[in-house]
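Attaching a single structure in structure tokens format; questions to follow.
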Amino acid sequence: MDKLTKKIIDLPKRLLVEEPLNLYSGIRGMFRESSKIAGLPPGSAVYTGFRKDTPFNIDLFSYSENTLEEKNNISIEEIINLPKDGNFNWINIEGIHHAEKVKEICEAFGIHPLTMEDILSVGQRPQIDDTENYLFVALKMLQFDSKKNKTLNEQVSFVLTKDLLITFQERKGDTFEAVRNRLRAGKGRIRKEGLDYLLYALVDTVVDHYFIVLEKFGDILEEIEERIMFQGQKRDFDLLYTLKRELIHIRRSVWPLREVISKLERDEIKLIRKHTRLYIRDVYDHTIQAIDSVETYRDFISSLGDLYQSVISNKLNQVMKTLTIFSVIFIPLTFIAGVYGINFENVPEFQWEYGYAYFWSLLIGMAVITLGIFKYKKWM
Amino acid sequence: MDKLTKKIIDLPKRLLVEEPLNLYSGIRGMFRESSKIAGLPPGSAVYTGFRKDTPFNIDLFSYSENTLEEKNNISIEEIINLPKDGNFNWINIEGIHHAEKVKEICEAFGIHPLTMEDILSVGQRPQIDDTENYLFVALKMLQFDSKKNKTLNEQVSFVLTKDLLITFQERKGDTFEAVRNRLRAGKGRIRKEGLDYLLYALVDTVVDHYFIVLEKFGDILEEIEERIMFQGQKRDFDLLYTLKRELIHIRRSVWPLREVISKLERDEIKLIRKHTRLYIRDVYDHTIQAIDSVETYRDFISSLGDLYQSVISNKLNQVMKTLTIFSVIFIPLTFIAGVYGINFENVPEFQWEYGYAYFWSLLIGMAVITLGIFKYKKWM
Amino acid sequence: MDKLTKKIIDLPKRLLVEEPLNLYSGIRGMFRESSKIAGLPPGSAVYTGFRKDTPFNIDLFSYSENTLEEKNNISIEEIINLPKDGNFNWINIEGIHHAEKVKEICEAFGIHPLTMEDILSVGQRPQIDDTENYLFVALKMLQFDSKKNKTLNEQVSFVLTKDLLITFQERKGDTFEAVRNRLRAGKGRIRKEGLDYLLYALVDTVVDHYFIVLEKFGDILEEIEERIMFQGQKRDFDLLYTLKRELIHIRRSVWPLREVISKLERDEIKLIRKHTRLYIRDVYDHTIQAIDSVETYRDFISSLGDLYQSVISNKLNQVMKTLTIFSVIFIPLTFIAGVYGINFENVPEFQWEYGYAYFWSLLIGMAVITLGIFKYKKWM
Amino acid sequence: MDKLTKKIIDLPKRLLVEEPLNLYSGIRGMFRESSKIAGLPPGSAVYTGFRKDTPFNIDLFSYSENTLEEKNNISIEEIINLPKDGNFNWINIEGIHHAEKVKEICEAFGIHPLTMEDILSVGQRPQIDDTENYLFVALKMLQFDSKKNKTLNEQVSFVLTKDLLITFQERKGDTFEAVRNRLRAGKGRIRKEGLDYLLYALVDTVVDHYFIVLEKFGDILEEIEERIMFQGQKRDFDLLYTLKRELIHIRRSVWPLREVISKLERDEIKLIRKHTRLYIRDVYDHTIQAIDSVETYRDFISSLGDLYQSVISNKLNQVMKTLTIFSVIFIPLTFIAGVYGINFENVPEFQWEYGYAYFWSLLIGMAVITLGIFKYKKWM
Amino acid sequence: MDKLTKKIIDLPKRLLVEEPLNLYSGIRGMFRESSKIAGLPPGSAVYTGFRKDTPFNIDLFSYSENTLEEKNNISIEEIINLPKDGNFNWINIEGIHHAEKVKEICEAFGIHPLTMEDILSVGQRPQIDDTENYLFVALKMLQFDSKKNKTLNEQVSFVLTKDLLITFQERKGDTFEAVRNRLRAGKGRIRKEGLDYLLYALVDTVVDHYFIVLEKFGDILEEIEERIMFQGQKRDFDLLYTLKRELIHIRRSVWPLREVISKLERDEIKLIRKHTRLYIRDVYDHTIQAIDSVETYRDFISSLGDLYQSVISNKLNQVMKTLTIFSVIFIPLTFIAGVYGINFENVPEFQWEYGYAYFWSLLIGMAVITLGIFKYKKWM
């Protein structure tokens, strides 16, 4: 039990938020920083998030079925002047809080100002926008950082054109590392298929990471369940409340995803080949499953709340029973002792030879009868 | 903590209503002043709101891509006789409680009596009506007045014709000031594009202000959460209740907006150019996000209610435990003291040399055992 | 406060039901009087309501744009033999519990037996039926009788043919009086437009009266809110329950209305001119608003229930705290007093010179320490 | 009140279930007797209900507009060899637990084995199936037996072919008696119209009986409401729970009916003439109304649960107040009495002349002050 | 009662989960083992379940209308090289945790890697996928093992091609035994109809087993209901909670089934003949009924939670009443005894001849009056 307790006390640190303060910016972070944006013309370049410590960085993967060139930390000019050699180009941009640089890139690639605003407004809902020149997709990435034992939440935007895939990330992360490794290895389909398949592979990775987070979530939920079952302390309910709160946030990320992926699959988006749609349909199924799990968790949390309430009621009942049993037994006894403590002139019982013994028998008899009644009524 | 407490005690004044009395007119204000209107023929000119202190005022912005003429406080005749010079004209009318003047204007511009009734019936739901001659849109404006630290709620109506945009406001406000400034500056798209773009810009501003109000709402919610977590006093629940109540009102403003903006985007409204629809789609996304936030707040408030309930239950349990522990320890002791207070003839214990010491040992022993039991049962 | 209290105690009398007994017939009245009807062939002439004190009465308004003839209390023969002079005829029938007379009229005007059954079965849901020869509409009328300070609930049925509008009411009422006055005055559109416009005007009046009732409902709700906020007595919750109950009934009247009016507007009903549909669309908007208000009230009532519960919990907590504080202070003191009341031979303290003073210091000291602990724990 | 109480104590016996044990088989009876059927090939002839005491019986009504022949208790051969004389034939079969006989009939009339399984699986949901040769409808019949003051629940299946209507009942009942009487009387439409009209008449009767049951349900609900309002005992909540439970069962019967009747009206079923559809539309409206009532009852029951909870909370509060008031008054007094009971050497008060009077004044004074505080705090 | 109690104490062992630990892996098992899969390319052969003790086994049924060949435990080669003799072939594979062998089979029969992933990811939702070459269906199988008195939960996948039906099971089970016996017996339709009919028969068996599990579920629910009604102990609520939890899992299996079976019936799947669709429609009806039962159980469980809460409230009230009655009677008496225990000089009552008797009369009189008040207030 000790180990469990220790684990649980550590829970708040392990919970699905970056740091305690973040919890609160959680509510606030729900909005575009309105005071900044309200009144500005549409398409203004303003970053609305709060992660401003990532240096701006551009990575490039330029590949074909047989070749792969990987360049890190390159300049904006370099990506603008990419050679048109028929290779697939994946440009990954980290640190979008450098809004001006993002603006420069967007303008160079003909990305509409409203799309640029969506890339920078990181408090937005997941969305998809199919324009004439490119396909825009924005998702929420939930990512479990196993080193720090925390979950990170960030927005990833994808812009897919005919010969380019640009991804915008708020900060440096290793979520896409697995895809990079598959590119590097060059095995399987990933180098042969086009950029729409790469888009699929990245989105699939994002969705896969939801399951890791949900798995952790499930672990914590189980521990809380066990704790409530056996002890039911206020702290447990507080944790439950925090989980509920986090789940509300996760829901906000996962639900709109369904619509986004569904559009990706169903709408006749010309940049997505029919062939790739089969894979996207697979991601769609996973999304539905993630939503399913989130809803199931909601049900569990709500049931656990009821369970906690019943544990508490039960405890109160037991406390009250103890008090009542003690009071009901001793109050009459004390009264009788009080009566015999009076200095009446003629209390006959005092003259009896076995008065003292008689007195004790009376008290004990009363106590036994009262206890018997309680037993009979199943109160003990 | 002291600072927090002070801030919270100020909360009622900062809450999202104009003045305490307004809260109640909030429920009442939900209706058209029915007794005034019921039985009147349709299209009667009756103002149903309660803001009757704004003087009637007409402002005019007459602009083209290169020119801008701004006139304040002009007469009704002047706007009726506007020159047909190809300029875009935006007429802003404040103080619609002067119902007769509104009627005069409506008749001059060929606005249907039913539309006029909708302009004046400020308790209506947001709506859109596309007639042959004009497009009518009515919205609720939530606006945070940072000077008085209060939120104001008013109805804004838009009538868009081929060469005119008329806006009707209940009172003087600075919500549209940002748009006016962009017009004056003449930069960006706003002077080049037509009146449908101006309509979009104004509606966008209205929706942006929702986020400011929701942001404030979120701030208050977080403070209440913190307070309930640490103290959980009745006052906190009262505040929570007031927030719930306010949210019900905000919901009533925001939800129907979705339908209105959606119609603006999707229906083939001839006064809205295809080009402008792209921007309106952006407003639509923001509206969805506002609705999303409102729903999330509902969930939070409901969770906070549960949390409060658990805090209260816990407190009660602790109070009862304290009472029970004290009673269970002292009631038997008092009884024993009572017994030895009786003047029996032959109480053997009284003759013992160490009777008094024995007596105290008995009492202390009993107390220690009782305490031990409580410890074992984890009640302490 | 006294005035408020008085007002509230009067509440039950002012509530939205005719008389207290009516509340119960409310539940029962939800059904067709089944035992009467079950087993009868369809289209039997049986009145299922309980308002049987209105004398049967027929009023006639025969009008064209320039003429108006008003006849009261005429015979059935007279209306059957109305001259076909191109005038618009509105026949208003009160007292439909005279089922045989209703049957006679229905047969004379070719109204289908099933429609007749719907006219007489006053427990039915609002409905619309567009047959070959006529349009049938049945609504619930909620009507606030300002003289008796009560709300009345009755069914109104409309049968619209090419040259006739027949309205069936359960009892005499003045809801339609405003429309009659507009007819008599002859101003505005009402005499010029046809019978479909008259139907619209009457339905509009019915919906307008919902708002009056809802306004009253809102007033009562506000008073209860204030009472619960400040006192939270059982009586307040009982009133809240009664309101909830009434609202369930109002909902049953208002919700189906939406569908009825919507069909009236959208379906291609040949007796409703396109021109009139514009007005009906306006009624539709009002209906949506009424539904909106009903739903908002439901939310309010539910929130008020939670508020009441928190007030009660809080009260219980305060009562228990008082008990606990008193007990915890005095129980140990009483015990000590009991101990010193024992007639031990050698109680050293009794021999001390300042024994009595020492004794009191001991007691007061203990009480002060206990109070200090409570203060520290914020229980007082 | 006494009469009411008596009536209520009788409630359990009057409740909507056959006998107490039935309540439980209610849950169990929700399923096909799975262990019997699972693994059998589809279309096996197994009766899954528990009403096995009805003798097998076949009644025949053979009629045309002018003739009527009624035969009771005839053999299977007789109905198989019915003369093809153009008469309408209604065969009513009771006691379908004789599965083999049902199978024989089904095979004779070309009824598909899956349909036969549906006839015998009496735990099924109401359903409709339009095959090439016949129309199959299965309903739940709720029936109030006024002699035994109980409600009976059984499945009725209808098979309609071109010249036959076969009805299958689990047991003997008089629900259809009213229709039989109309047939015998020969008045009205029933003998003129075809078998589809007869089907309508029978279904209409089934739905009409729902209203009788719901009416009884409403009566009981009102009595419980009154009881909870005035007393609020545990027994009342138990009854409420039983009603809730019953309503869940009724809902299961009524909701799917909507779909069934709707299909009967809307689908182009060739055995139902267009003419008859008008009547079925009427049944549909009644079904909607029954659903409406069931939902309203659910709301009522839920509100009553809240009311009960508030009554209980209130009672607990009163009990606790009484305890607290008594304790707070007497505990300090007892303490003072205890103090003066000590045999100190120098208690100054004992030497005073009016010591005893002074002592009592002290006690009474304290009690009066405490009571005053309670009065001030509105606790009494 | 004793028998019931014993039965109930056994409940946890009989509950719908394999072993207690499984309950927890229940939450965890909700996900694909994400850490294993995340980052792998799509279509990787990884088994995500936890049942790894079943040996790999292949059974073959090769049959036509007149012949039947049954082979157990054959090799992969054998099934790959099945003779194309026009026979229907059903290959049943157990122990899919041997992922490599499953991969081998899938590749041999041209099953797409994504489908293979779905076969191995046993935490997936039920699904259907109609590809060019085969039809894929995955279901959850709930199965009651009557020997061990437990319920087992596993995934079954079906791959139907023109001349093959392959079923993949996680472990050895006898759910399909009934179908095997019907095949062996050769009676009825099963050998005559094609493989689509066999698919139907197997799916039907799976759904039939849901009813067995739900029946057991209903039994347990009834026992808990009885227990709560009569006793209402904490343990009962814990069981209720466990049931709620299990039901959430069952729901997750049953709800998506509806969609799957509906697609099987409605979509124009070329491998399912029109003839067979009639039977699948029957399975669909059963699925709806299963969903219906699950929802009804949810309602029951929720009602039972309320009932439990009312039982607990009631108990608390009774305990408090007992305490209050005793306290209110004895506290004043004790006080009076205390008063007379003081050694005042001049207590007049001590000199009275019948002082002692008078004293007792006083006490008894007070007690009787207090009891009378309680009786009057209906507290006893």
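Which chain is which? They are A, B, C, D and E, in the order written, and residues in each are numbered from 1.
Keep this in mind: contacts are C-beta pairs under 8 Å (C-beta built on N, C-alpha and C of every residue); 3 or more make two chains touch, one makes a residue touch a chain.
Quick caveat, the model's predicted, so the values are computed rather than measured.
Student: Once the contact rule is applied, which chains count as partners of both chain C and chain D?
Tutor: The shared contacts of chain C and chain D amount to nothing, since no chain touches both.
Student: Measure off the straight-line distance from the CA centroid of chain B to the CA centroid of chain C, and report it in whole Å.
Tutor: 27
Student: Report, in whole Å, the distance between the mean C-alpha point of chain B and the mean C-alpha point of chain D.
Tutor: 43
Student: Multi-chain contacts in chain A: which residues touch at least two other chains?
Tutor: Correct list: 309, 313, 316, 320, 323, 327, 331, 334, 338, 341, 343.
Student: Once the touching pairs are worked out, the chains link into a ring; list them from chain D, going toward chain E first.
Tutor: Here the ring, read from chain D toward chain E, comes out as D, E, A, B, C.
Student: Using the touch definition from the top, list the residues of chain C that touch chain B in their complex.
Tutor: 177-179, 181-182, 187-190, 201, 204-205, 208-209, 211-212, 214-215, 218-219, 221-222, 229, 278-279, 282, 285, 288-289, 292-293, 296, 299-300, 303, 306-307, 309-311, 313-314, 316-317, 320-321, 323-324, 327-328, 331-332, 334-335, 338-339, 341-347, 378-379
Student: Provide the residue numbers of chain C that touch chain D in the complex, in ascending order.
Tutor: Per the touch definition, chain C meets chain D at residues 24, 27-28, 30-32, 34-35, 37-42, 114, 117, 123-125, 127, 234, 237-238, 241, 244-245, 248, 252, 305, 308-309, 312-313, 315-316, 319-320, 322-323, 326-327, 330-331, 333-334, 337-338, 340-341, 343, 350-351, 355-356, 359, 363.
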